[in-house]
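We just call them A, B, C and D in the order they show up, numbering each chain from 1.
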Amino acid sequence: MDASKTSDRLNVAVIGAGRMGADHIRRLDTRISGARVAAVVDVDEARATDAVRDVPGAVALTDPTEALARADVDAVLVATPGFLHEDILLAALEKDMPILCEKPLTQEPDSSWRIVEAEERLGRQRIQVGFMRRFDSEYAALGGIFAGGELGAPLMLHCAHRNPSTPPGFTNEMLITDSVVHEFDVIRYLTGEEIASVQIRRGRRNSFAPDEQHDPQHVLIETTGGLLADVEIFVNAEFGYQVTTQAVFERGIVNIGRDRGPEVAASGRWGGVVTPGFEERFGDAYEAEVQSWVDAAARGEIGGPSAWDGYATAACCAAGVRAQQSDAAVTVELNTKPEIYHS
Amino acid sequence: MDASKTSDRLNVAVIGAGRMGADHIRRLDTRISGARVAAVVDVDEARATDAVRDVPGAVALTDPTEALARADVDAVLVATPGFLHEDILLAALEKDMPILCEKPLTQEPDSSWRIVEAEERLGRQRIQVGFMRRFDSEYAALGGIFAGGELGAPLMLHCAHRNPSTPPGFTNEMLITDSVVHEFDVIRYLTGEEIASVQIRRGRRNSFAPDEQHDPQHVLIETTGGLLADVEIFVNAEFGYQVTTQAVFERGIVNIGRDRGPEVAASGRWGGVVTPGFEERFGDAYEAEVQSWVDAAARGEIGGPSAWDGYATAACCAAGVRAQQSDAAVTVELNTKPEIYHS
Amino acid sequence: MDASKTSDRLNVAVIGAGRMGADHIRRLDTRISGARVAAVVDVDEARATDAVRDVPGAVALTDPTEALARADVDAVLVATPGFLHEDILLAALEKDMPILCEKPLTQEPDSSWRIVEAEERLGRQRIQVGFMRRFDSEYAALGGIFAGGELGAPLMLHCAHRNPSTPPGFTNEMLITDSVVHEFDVIRYLTGEEIASVQIRRGRRNSFAPDEQHDPQHVLIETTGGLLADVEIFVNAEFGYQVTTQAVFERGIVNIGRDRGPEVAASGRWGGVVTPGFEERFGDAYEAEVQSWVDAAARGEIGGPSAWDGYATAACCAAGVRAQQSDAAVTVELNTKPEIYHS
Amino acid sequence: MDASKTSDRLNVAVIGAGRMGADHIRRLDTRISGARVAAVVDVDEARATDAVRDVPGAVALTDPTEALARADVDAVLVATPGFLHEDILLAALEKDMPILCEKPLTQEPDSSWRIVEAEERLGRQRIQVGFMRRFDSEYAALGGIFAGGELGAPLMLHCAHRNPSTPPGFTNEMLITDSVVHEFDVIRYLTGEEIASVQIRRGRRNSFAPDEQHDPQHVLIETTGGLLADVEIFVNAEFGYQVTTQAVFERGIVNIGRDRGPEVAASGRWGGVVTPGFEERFGDAYEAEVQSWVDAAARGEIGGPSAWDGYATAACCAAGVRAQQSDAAVTVELNTKPEIYHS
């Protein structure tokens, strides 16, 4: 192979080498055109070293600051736990680098708003937030139907988000902040409206859920335009992973989220395999998301959801967690959207 | 043909020869084994006469009392508008006849309760109420899954009831009393529990709905056992007729209500025909319902939902109509269930 | 109940009380309007007696002639094994009675042709043959698409006929005469053309089939109009019962035969129950078939496939059995269609 | 961005800038990790120049020899018409380069065999042939079911290959050499057996097909292991693009090729969009194919179907074209498989 020609690839520092970080490292290394992993940062040095073992030219580090200071780093992918995002994002904005930040932007509306303000001071959008569903082909097709208008005005949404199980430490609040957060983003994306209020009712409890969780929960969301969306959040559903949306329009109904793959008739049953997890369901979407970010970075832009989207969903999550405490609807409070986020 | 042997058939007076009555007359005459139409009663004499024209041996009458008094009438099928049900039911109970009463039993909980009390005095169940969904093969299969328990406890229900359009005079209250009433019955049937409360939120209005209706509406129902069921009631849905239920259990999800018939790929689209109306969707169920009633009558029993089911759903409807006035959950008030309805 | 009025019902003698006969007796007794079982004939007296035990007014006999001679018998349903059909049919035609004859009309083209000739001498159609698929709602809908012409000319058919298992004594020839015979009838029904030739190739053998069968087989049929239809006949398919047809038109594809019932997601799989057997798949069709025959009998007509259809399929079966001996196409030989069968 | 680091990417010369070539150029440039387009060759200089306009670092050439001689070219993707393949392949084998050759390998068994011999002399596999279906997730899943054996032995295959229309000049022979060739490869891939014989029957002709084509045709294939596969090849199907396979095993049936995307109920119909063309159906498979080739090239291997697969399918096509002349089965003639293709 030729080893003399110059590179035009984006050199990415991946911050955080846990499950999501490792996935992104593998993706950048083997599937994405026009980018490479230049550095991996993890407070756990062994984990960082492991992560770069098979990645040619990538260094393992323990300090994000060091990564941002390297000459061979020109972009950042943030995949640490959410409570660590604020400092890294502010530092990367300082460097005016392209940033892909796994959701959440930050964990609370206040810190998210500080990020928005920092970016506003910078004067242009640099942060893309990892709401990967927007890159799923079916959500995109549904978005096209919303935009096209052939079915008339959208009237209701029925959403279900089912996980086979939750990892240890998955709290009751995380049903909202870790799972329903995707629905907040998708509802905003599809309708082009902000979320006005959130009501949560708990109903009957799944006896297989961990003690600290009331699972499932019934979330009823209203947008600023008056559209109602119900969400079943069910995170110990055992049978598999399932994320579906049914959109009700004046002139028709649209369903997305059917399982794929061969259909088999055997042993007295017909059907197929339920998608086992989010990697299988949204693997293509993650790839499209990262490729879109890499392509946009080459143009000095972002290629997906913005820091404003991260802030607005953080505000929805805060309302949702409050809504878990009563049966009443809780209003979502939002600051005014800065000019740089008006499309 | 042989004209000498004696008849062992149920001789039915059909009261009311409107759309539902005419359907039942045709069904009894051409599809049901062991019954015949002996008389048709309608205040509109011409309509009664029309209805019996091709029915051998049936007489046309305008007064229900006259029908009940005839020697060749031994059962009653009530298909008049609901506000006329109470008097006819009380008169037929007097005669201790088998009665099939189209829903609703009566329009208010108070009058329904008077029917229940009259039947209780009679000492046995004579009234079967026309909640035909219980005779639909898919609802019955879903009922079997509830009863079987293999999927664990039921946790939530997601129901949709979509009509292509509504007839003139279909009021806002009728979204509940005429349509959601079926969901009240089905939820009670599937869970074996009573309805505890009803919450209704209106959301965005379909611009194609008549002025007097707020269509669609979002109904959130809780059973006495804590199960939550959401119902989308959407009665000017234009695209076709659709009644679906998704049941969420601890270990799995069950969907009923797929459309049937050939699947066609043509002109760039694959798919099939949406069921156009309730006759096509529930025609088999109506037939099974009436056959079950006829068969049970021969044994001195009823073969379906009871007057108690009629009373309980009337109470749910009353709560639902109140719930249309606010965003809060309204409690359903029920008297104690009489002994004769304990199975 | 009233026991004085005269009966206008068809009084049916059922000849043969085996599996199909017993089904028809139950059906006539409990599901069909306008008919009753007057007599049951079986060479096995105990079986005949068993069959009438719960049927009011029906007598058990061992001799078909005796049944045909009774004053209270005015129609015949023939459900004996095929080799007994000819004598019974000729005797019933003598009496000019309405006849419903389970398929096959007779087992060979020669004997079938004698029936056709006898009916021709009678001067009108009295025999309806039990090809029940024509009464299945999906085959009927597909027939409507053929007739409608919106999808252009039909070009090919792909058929599959899968049985979970075969009873003892089910020979290799019976794959054609007992199973593919239905496809011969359906292809003739859908296209309105006769079968011109049959080619059979055996391919790889299912190791679970009985020794005397080569199962599955690949049947390639050409109509007189040049349409090709392939049929997979697979009678030890284990997983369930499945009868499907895919019709290829110039402008589109039509599929019938999807399984029905609830769709369940559980234990990592989505799907539903495969129809276990022909009663579940075609129970409604059998009911519609018998009702159609009863209704037509009241008008002095037949209400379904004719003796000509029985003769023509017998000729197809004879060609099919010859085609099992080589890989070449075998021509179907047909006499000229008598006038009384021209519609 | 960093412009100093060395490249470890595969530098590809794409030979042929027509539809397939242009697709591959775009794919290599924007979606594939670890490769770049170094040169584009087309006899039409303007087309070559157009193709490299937005591809950084790529040169436009008219002579394949020149491309192979360049220092910055270390691999070849052949996308010219099939009749030009032999010379280019032999020249690239001379250079011992990784080669991805769009199907067919060459147009006749003889020339394909010369390629096989040249590769055999080289002593290792360098040519990967572009049968992209093997990289489709559903064909791969079906391959896993064949390999797994849980459903017992495979007994039959039912395949359909439907194109909406054909380009000008698409001859009758091309139904086999351009379309059914994919089925030959897939059947060989799934079963692990060679094709033994091909029978073709024409049946009724689509009135919308060009005069020079008899469309559709019915192809009946037998493998060396006795498995039968029928193929409907229908290339002016108008309604859309559809490639489906149904595999019949001893214990069950597997279907692949359902359409994807949202399911919509509107205007009285439910369903979705039929895949419009092969790019939409197999776009992901093309991408996986090219990525697999690039990854394998880095290890000095091929990552998909071999030159032997190209030769064997050329022999099938030759038999298929002969089979179009009669109704009889035509035997496929194959030389002995060289050692280097034994896995």
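Keep in mind that, in the parts below, a contact is a pair of C-beta atoms (placed from the backbone, for glycine too) under 8 Å apart; a residue touches a chain by one contact, two chains touch by 3 or more.
Treat the numbers as computed from the prediction; the structure is a model and nothing was measured.
Chain pairs C-D and A-D differ in how many C-beta pairs are in contact, and the one with more is A-D.
Chain pair A-B has a twin interface among B-D, C-D or A-C; that twin, with over half of the contact pairs alike by residue number, is C-D. With centres taken as mean Cα positions, chain D sits 58 Å from chain B.
Distance between chain A and chain D, defined via averaged C-alpha coordinates, is recorded as 36 Å. Chain centres here are Cα averages; for chain C and chain D they lie 45 Å apart. For chain D, the set of residues touching two or more other chains reads 239, 242, 251-253, 263, 265-267. Across the interface of their complex, chain C is touched by residues 239-240, 242, 259, 263, 265-274, 276 of chain A.
Against chain A, the residues of chain D that register as touching in their complex are 1-11, 29-34, 38, 56-57, 71-72, 74, 137-138, 141-142, 145, 151, 251-256, 258, 260-267, 284, 291, 295, 298. Against chain C, in their complex, chain D makes its touches with residues 152-156, 158, 160, 162, 201, 203-208, 216, 218, 220, 222, 225-228, 230, 232, 234, 237-239, 242, 248, 250-253, 327, 329.
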